[in-house]
Amino acid sequence: MEKEILRVENISKSFGGVKALENINLNIKEGEILCLVGENGSGKSTLIKIISGVYTADQGDIYINNHLYKKIKPIESIKQGIQVIYQDFSLFPNLSVAENLAINKQISSGKNIVNWKEFRQIAQRGLEDINVSLNLDAEVGSLSTADRQLIAISKAVMAEAKLIIMDEPTTALTQQEISSLFRIIFELKKQNISILFVSHKLNEITEIADRTIIFRNGRKVMDKNAKELSIESMEFHMTGRKLMSRNLQSSKDLSNVSPLLTVEKLTLGGKFNDISFDLKPGEVLGITGLLGSGRNELALSLYGVLPADSGSVRINCSDVNIRTIQEAKKLHIGYVPKDRIRDGIFLAQSIENNISANSIDRLINKFHLIDKQKKETLADKWINDFSIKTPSRKLAAFSLSGGNQQRVVLAKSLANEPILLILNSPTVGVDVGSKDEILNLIRDLANDGMGIILISDDIPEIIRTCDRIILMQNGKVKNIFLKEEINQEKLNNAMVGKY
Amino acid sequence: MFRKIYSANEFVTFIIILLISIFIGLINPAFFSIASIFDVLRSSIVYIILALGLLPVMIVGGIDISFVAIGALSAYSTHMLLINNGYEGGVFLYYIIACSIGIIASFLNSILTTKFNLNIFNVSLALYIMWFGFVRFFVGSKRSATFPEGASNFYSKFLLTVKDPFVGNSNLHISILFVVIIGLVLMLILRYTTFGRGIYAIGGDRDVALRTGFKVNRILTGSFIIMGGLAAFAGITHSFLIRLFDPTMFLGDELDVIAAVVLGGASINGGRGSVIGTFMGVIVIQLIHRSIILIGIPVTWQDFIVGFILIIFISIPYLKTIIKEKLVDKKVAHEETK
Amino acid sequence: MKKQNNVENGINDWNSIVNLIKNVIKTQTFLLLTALLILFLVFSIFEESFFTRRSITSMLFQLPEFGILSLAMMIPMMIGGDDLSIVSTANLSAILSGFFSVKVLPNILPEEYSIIYIGSIFLLSMIVGCITGLFNGILVGYIGANSILVTLSTLTFFTGISIGLTKGSVLIGLPESIGLIGSESILGIPISFLIFVVVSMVVFIILNHTPLGFKIRMMGTNQSASKFSGINNKKIIIKIFIISGILSSISGILIMSRTLSASYQYGASTYILLTILIGVLAGVVSGKGSVLNVFVSVLILQVISTGFHMMLVGIRGSSFFKDFIWGILLIVIFIINHYREKMKKLS
C-alpha cells in the first residue's frame, strides 16, 4: 500500500466573510508528483499556507505522516518534512551560497557557534545530492533566478523534506532551465520525495505530473491521473466554461494601408538583436517567446524605458528616437505593464486618480490648476466604457477585483489617447470573465484604428486575438506567423524548438 | 579571492586612508611620526566604541541616533549617583553601572521597535530628544569635574609612552586596549555566532529571516543592547579622558558616527558592515578633521568642509551604481525584464 | 417617477445626515480639532494666564516659524523621504539676507524704504532656499542617495557655511524695518501669523489643485507605477526639495524678524523634532498629506508648548522638561498611529 505523506479532510477557510476554501479533501502519496492547478483566487495559495502552518484553517483536519493536526505551526510543519519554496526562494541575497545552504541546519540544531568549515561541507553535500555545482562563496544576490531556485531546492532536500511544495517555479526560467528543473524533480521522485507543483501552465503539467488536482472558487473540482486529462478538459474545469472559440481577428485587408510603426534592425546589447517588423493601424500584433527571448525588453524599448543601442523606429513614416517615457507619451505610445501591482496601479489612490494619472497635465483650466470637472468626466467615461464595477470613482483601487483593476490600468493608458498601445501580459491574474472582456476590448480598439502589440505567453489568448504573431527566441525574431498559418500546435512546437 | 578584496568597500576606505595620510604628510612631515599616530588613535578611541555599538543596528537595517543620548544619560547619571553618595573608588564600578543603565535604556528602543513595529529611526529621534531632556532635567544640567579618589588618575594611565622630538612625550592611553578587545569580541560574535549571522540575515531579508526560524525580535533586542552598552562605555571613557562629566556630551556627534560606519562599508539598507571597516571609517573621519586643521582652515569653516566631504563620500556608492549601469550593462536597472 | 411618501423622505434624510456625521468624525481632522479644543480648555482651566489676549497673541507670534517649517517637512514626507536640513536652510538664508541688508542695501537706499528692504530680504532669502533645495534635490533625485543621509550631510554643510560666514557669532545690527514683520499686527493679528495662513493656503493649492501636487501624491503612493505613467520622478523630487527649501527660507526670515538677528544655532535641535512630530500627528505619510491637518497640529503643539511653559514657570530647566515631554509625546503618537493602522487593515 502506498504511504500517504499528506492528507487534508474537510478544510475550510474564510477571510472576513469571503470563502477562500470550502471543504477541501485531498491527499499526496509518497514519491508522487502532484500538480495543483487553478486560476488566481481559486484557493491554491491559501491551501499551501494552511499546510505549511502560516494560516490556520477554520475547520478540518490535517494528517502529516499520519499524525493528526487541527492546527499546525510553521516550525512543526517544517519538522514534519514539509518544505515550501516561495517565489523569493527564502534566500538571503547578502550572504554566500554556502551560508544560505547551511543556515537552516544551524538554526534547527539550536547551536550558537558557527563552524564555517562545517557550513561548507554541508553546502557541498547538499549541492551534490541534486547534482548541481555552484560557487560556494558567491553572493546569492548576484546569481541568476535559476541558480537561486536550485539552491532553494537543495535546501529543501537537505532539510529532509518529504514533501516539497513549489509555487509557480517556472515563471522566471528559460526553456533549458525548465528542462533541468524537471530532471531534478524526477530525481527527487526517485528518492521518494513528494512534490506539490502549483502552476497555471497547462502544457508543462502534462509533462511532469503524476496526478492533477484542479481548484475553482475555493473548491476542488477535479482529482485525476494527469494522463487522463487533456488541456481542453483542464481549462474547462479551471474556468467552468468552454473556451471561447470565437475568433477575434480582424477581417479587414490591411495590405494597402501604410504602417503605423516600422522597426528596423533594432538592437539592444545583450537583450535583443536586429529586430525588424511593422505594425499597421487596426492590427493586433502578438509577440511571444519564452523568458530570455527579449520580448519584454523590446516592449520597454519602444516605451522609452530601455532605449535601444542602434536601429531605427518610425512612427507614421517619421523617424523617432525614443529615449524616455515622456517622449514615448508625446508620440502617443501607451504601455500596460506586466506587473500590474508593482508598475501599473496606485492601490491606495482613488479609481479616478488612477485613471487620470497619465493625463493630468492635460486636465487643467486656464489658470493651470486641475480642472476637477474634466477629471471627473474623464474617469466616469472610462468607468462606463469599460464597465468597471464600483459604486464610486472616489473609492480606492484596492477595493477592486483583479479584473477591474486591470481595466483601470488599461483606461489610464487609453485616457492619453494613444495611437500605438503595447500590452504586456494583460490578462494575468484576472478572472475569466474579465479576461474575455479585455480581449474583446483590445479587438474593438484595433477596429477603431489603434495599432496594438500584445505580448503574452498565453498561447490560446494570442492565437485568438492576434492578426499576426512574432515568435522571438534568444533576442532574435525566429518566426512571423500570418493569420492563416496560426494554430496552437504549430506555435507550441515552434516555441519549444521542434520544427 | 583577490577580486573580492578589490571590490569590498573596506578596501576603498583603506585606500582613502592611505591617500589622506600621504596628503597630510606632504603638508606637514611631522605627521609621519609615532606621536601623530597616537594622536589620531586617541581621538578615535571613543568614536570607535560608539561606532561599534551602532554597527549591529545598522547591519540589521536601521539608522539610529539615540545612542549618543543613551551614552550621555548613562555616563552622567552614573557619575552623579556615585559622587552624591560619596564614592571614592575606582573606574570599574563606573563602567558596570553605566553599562547597566545603557542596556536598560536600550530596552525602550527594542520594545518600541519589536512590539509596536515602529520605525527604528523615528523611535531613535524621539528618544534622542527625550533622553537629553530627561538627563538635564531629572539628573542635572551642570558639568562636573569632581572625580572620586580612586579614579582620579585614570586619565593618565598610559599603555605606551614615546619620546617625540616635537611634542615631548606622546602617550597612548590604556583604553585603546578596551577598543581592541571590544572590537575583537564583536568581530567574533558577528562572524562565529548564530546571533551574529542572524543580524546579517535580518539585514538581508527580514521576512526570510523570520521564515528561516531566526528569533528576529530577540536578535533586534540583542543589537540594541550592544548599542546601549557600548554607548555607555564610550560615555564613561570619554568623560574620564577629558576629565569632565557633561550631560550634553556627544550632542551633535551622531552624524560623524553614522558617517564613519557607512564609510566603513555598512549599507543604509542593511545586510553589510564589518568591525574592521568601522575602525577604518572612524579613522578616515578623524584624519579628515585633522587635515582640515593642518591645512590651516579656520575653525569656523570646519563644519563646512566636513559636511562637503560627507556629501561626496555618501554619494560615492550611488555614483558607482550609476556608472556601472551606464557602462557595463543594463541588466541592473530593470526587474520588469523577467 | 414613483412618489415617495414624506416619512420615507424624512428617514432617508436622517440616515444620510447620520452617515455624514459618522464619516466626519472618523477623519483625522476632526480628531485633531477635538484634541485642540480639549487641550485649550484644560490649560485655560488650570492656568489663569493662559486664556488672555496677551498670551494668545504671543502664541500667534511664535507658531508661524515652526508652522512654516512643518509645511517644509511635510512635502518630502509625502514621498517617504525627509528633509532634515530645513532649519539649517532657514538660518543660512537669514544670515545671507541679513548680511545683504546690513552691508549692501544701506549703500543703495536709505532705511526709510522699509517695504523695499523687506521685499528684497524675502526675495534673496527665497533664492537661497531655492538653491539649497536644488542641491538636496539633485543628490536625492539624480544621484539617488537616501534622503535622510543626504539631508543630514547638507545640514552640516549649510550650517558650516553659516558658521564660516558669521565666524560663529550672532549677526546683529539689522535694520529696524526688518523687525516689522515679526512684531507688528494688523487688526490684532500678527503679520507673521497672516503670512503663515497665506503660505498654508498656497501649499494647499499646490498639493490639491495642481498637477505637481497630484504627481507628488502618486509618486508617494507607488514610485514604479508613477514612472510608468510618465511622471518624471527625478524632476518631482527636485521640485519637492526646492519648495521645501523656499518654505524653510521664509521661516528663516520670520525668525530673523522676531529676534532682529540671525544665527546658525536658532531652532537647531528642537524645531526639527517638532516638525516631524507635527507631520506624524497630522497623518502625513507616503502619498497622503493634508495641509489642514498640519495647520491644526501646529496649533495643538503651540498650545501644549505655551501651556507647559506657563505651568513650569519658575522651575529651573523647564525647557529640558519640555524636550522630555516632546520625546514621549512623539512616541505616544507613533503608537496610536500604529493601532489606528491596525484597525484600518482589519476593516
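Here the chain labels run A, B and C in written order, and each chain numbers its own residues starting at 1.
Rule of thumb we're sticking to: a contact is a pair of C-beta atoms (placed from the backbone, for glycine too) under 8 Å apart; a residue touches a chain by one contact, two chains touch by 3 or more.
Source: prediction; values computed, not measured.
Two chain pairs, A-B and A-C, are weighed by contacting C-beta pairs, with A-B ahead.
Using CA-based centroids throughout, the chain positioned farthest away from chain C is A. The distance from the centre of chain B to the centre of chain C, each centre being the mean of the chain's C-alpha atoms, comes to 32 Å.
The centroid of the Cα atoms in chain A and the matching centroid in chain C are 45 Å apart. Within chain A, contacts with two or more other chains are made by residues 305, 337, 343. Contact residues of chain C toward chain B in the complex are 139, 143-146, 148-150, 152-161, 163-164, 166-168, 269-270, 273, 276, 280, 317-318, 320-328, 330-331, 334-335, 338. Across the complex, chain C is touched by residues 63, 112, 116-118, 121-123, 125-134, 136-138, 141, 251, 255, 258-259, 262, 268, 298-308, 310-311, 314-315, 318-319, 321-322 of chain B. Those residues of chain A whose C-beta lies close enough to touch chain B in the complex are 74-75, 78, 86, 88, 90-95, 99, 103-104, 106-108, 111-114, 116, 137, 145, 171-172, 268-271, 291, 296-297, 300, 305-306, 337-339, 343.
Chain B contributes residues 4, 191-197, 200-201, 203-205, 207-209, 211-214, 271-272, 329-331, 333-334, 336-338 to its touches with chain A in the complex. For chain C in complex with chain A, the touching residues are 205, 209-211, 214-215, 217-218, 221-222, 224-232, 287-288.
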